[in-house]
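Structures given as structure tokens follow.
One chain, subunit A, links the two complexes that follow: it is found with subunit B in the first and with subunit C in the second.
The block that comes next holds the complex of A and B.
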């Protein structure tokens, strides 16, 4: 979660479906209608960094003339309401329960764990955190297995073996960006150790 | 520091070897450097030219060696003397076919525990096999096979143990520094992520997130196994 962590920045850019609770004029460009008005109830996909702010900031509190005209009564509702992104939706969680190792995490969301972590932090979602941690632990066993195998192989050829193993195993293609980093680190340590022995 | 991260976060095997080479080991010197003793045996070679000067270590042990009387020096020094055939290294008691067999039996019997090998067993055996092969009373290839078996059987147990990783605690009793070092990056990464998930949903207890993070990470087993390696290095 470092400021300059590129993966963190990229995770910030992942889209979250948001339902607008207020009618906002002039924001139509988000919906593909430049100059138009976003009416209350519209669901749009916003990047996480934007959605996160808009879901917290209370519309009435800002005191600008634009927002109030939608719904006068609800002054302390935020601009938008975030909905569960597809990557953390029931479909994916069902797949997680079914077979953590078979799930193509990278296809679901390249920064799956980072996103899940944000979501857990925002909503203190114990259940989600438990499920994702379980997923992580099970996949970690598999990653470690591959790292051990790759490290033992990689004693003689070092630079090319990472690529060849990735190509040979479908599992390694499903790794999320963070998991890839873990795999790289683990494999390097194994490779160094096995090279030292000979 | 501008070192690549994998060198900052963990030791390279060469660094582990360097640490191990600073351990004390017993040797049988083949030469006598003790001046008084030299004098008594008749030869008057007591002038300073015979004395060894060491800039980086205390040379008193070296200057008081008596042939065939065991003494204790740092491993790297023992290896230097060995190369010049000035000493025989006394092979530690656990590095024999008999005790390694006993250790293998123990490892096979106890599925969830590791035998009490010294923390530097992997490195020390490797170095001695390579550089002091003629000091062993047992055949080297048999010892080598047993070391290899031990390595594999313990590795399997570690893999079993990793299934039960959690965010706060990991016990690694009796594992060697090399074994720990080999899997440190993996375990640190995984446990850190588990800890982040744990901390994210349990913020009520720690209001300021940073302070909570700090406290929790201090309690993780990774830090304690670093302490183990650090403390075993000192004695």
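The block that comes next holds the complex of A and C.
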């Protein structure tokens, strides 16, 4: 999770539906209405980098170190309430249970695993963590299979340098960004091993 | 909405990264997206003005002792602040990728002859600051290699050579060079059978081509 990691930055930009718990004037630009007011109860799609802070920071007293906490003790709601994003919603999870290999993870969310990781870390969602881990386990075997097959085809020529994910198989088009990395690593490992064995 | 331009910039950077991962050729840098960066910077200064305004408001409210609106103000402040941070991160990530690519360009070119061989076409993709960076980074590499580590060819290939002697063709006139086996006069389009370690540098500099 490096600060400069592009995938990480992009994952932070994925949108999550959020419900505002307070009426805040001047934030209309979030809704495409600059200068407008966001009323309590409005649901907006906010990028994760905004939502994850607003959902954690408590509206009353934070940052004042005990000064204002006494008066606002009863008001401990965060600014917004995050709702489960579509990519981790029941529909997708049902598809995960049905057939992990057939699921088009890339179409669901290009940074699916990164997003799931964030979500698990934020809400300690053990059930989700277990399901995603199961999904990865199933798909990893498939990915490895493809990597080995691809390595055998393009075998000795270095021109097939791991990056031939150009729709050689429909399955490979469904990999999310992180899985592509796994695929490349598997291919490289396979190539190195065969070179060593020779 | 704030942050959308920055997102575009990162997506562009991501594409650059993928293109460079895919091809086995030399690292390439696309044109610096000056317009987008400038627009993001405009957004940043707008956000800064907002933040200053909100901070002021908060102070005034605190002085008057009206505590009712404080959390709302904090929310406005936070949102603007986070947008600012996000833009900063996107800009830095973009620049970091370019810096990394420039580093690998310098290493590929052995840290020498950078400005000479690059002068026209490729350098137009870089901003002035980036050109300075590239130049200074190349100088650093050259300095390191001529210092304590002079005995090791750091940028040499990791694969051991198959033959000791190779055929080379001269691409550019380079005058005479002296080796253990005598003197060669490098005239354009002539061919030689020479020891590889003697001409490695010349190949990297683009004077000779291996046949």
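By definition in this document, the second predicted complex is superposed on the first by the 168 of 198 C-alpha atoms of A that agree within 3 Å, B and C clash if a C-alpha of one lies under 4 Å from a C-alpha of the other, contacts with A are read in each partner's own complex, and residues count from 1 in each chain.
Criterion: a residue touches a chain if its C-beta (ideal position, glycine included) is under 8 Å from a C-beta of that chain, and two chains touch if they have at least 3 such contacts.
No experiment lies behind these values; they were computed from the predicted model shown.
Enquirer: In the superposed arrangement, does A:5 touch subunit B (first), subunit C (second), both or neither?
Expert: second
Enquirer: Please indicate which partner A:188 is in contact with in the superposed arrangement: first for subunit B, second for subunit C, both, or neither.
Expert: first
Enquirer: Should A:26 be classified as contacting the first partner (subunit B), the second (subunit C), both, or neither?
Expert: Only subunit C is touched by A:26; subunit B is not.
Enquirer: So in the superposed three-chain picture, is A:137 touching just subunit B, just subunit C, both, or none of them (first/second/both/neither)?
Expert: Once the two structures are laid over each other on A, A:137 reaches subunit B alone.
Enquirer: Identify the partner contact of A:13: answer first if only subunit B is touched, second if only subunit C is, both if each is, neither if none is.
Expert: second
Enquirer: Which partner does A:57 contact after superposing on A: first (subunit B), second (subunit C), both, neither?
Expert: Second partner only.
Enquirer: Which residues of subunit B touch subunit A in the complex?
Expert: 6, 9-10, 12-14, 17, 126, 155, 159, 162-163, 165, 167, 178, 181-186, 189-190, 193-194, 196-198, 200-201, 203-204
Enquirer: Quick check: in the complex, which residue numbers of subunit A touch subunit C?
Expert: Of all residues in subunit A, those touching subunit C are 3-7, 9-10, 12-13, 22-27, 29-30, 32, 47, 49-50, 53-54, 57, 59-60, 62-63, 68, 71-72, 75, 79, 158-159, 161, 163.
Enquirer: Under the touch definition given earlier, write down the residues of subunit C that touch subunit A in their complex.
Expert: The touching residues are 1-3, 7, 10-11, 13-14, 17, 21-22, 24, 67, 70-72, 74-76, 78-79, 82-83, 85-86, 89-90, 92-93, 96-97.
Enquirer: Considering only the defined contacts, which subunit A positions touch subunit B in the complex?
Expert: 1, 113, 116-117, 120-121, 124-126, 129, 132-133, 136-137, 140-141, 143-145, 147-148, 178, 181-182, 185-186, 188-190, 192-193, 195-197
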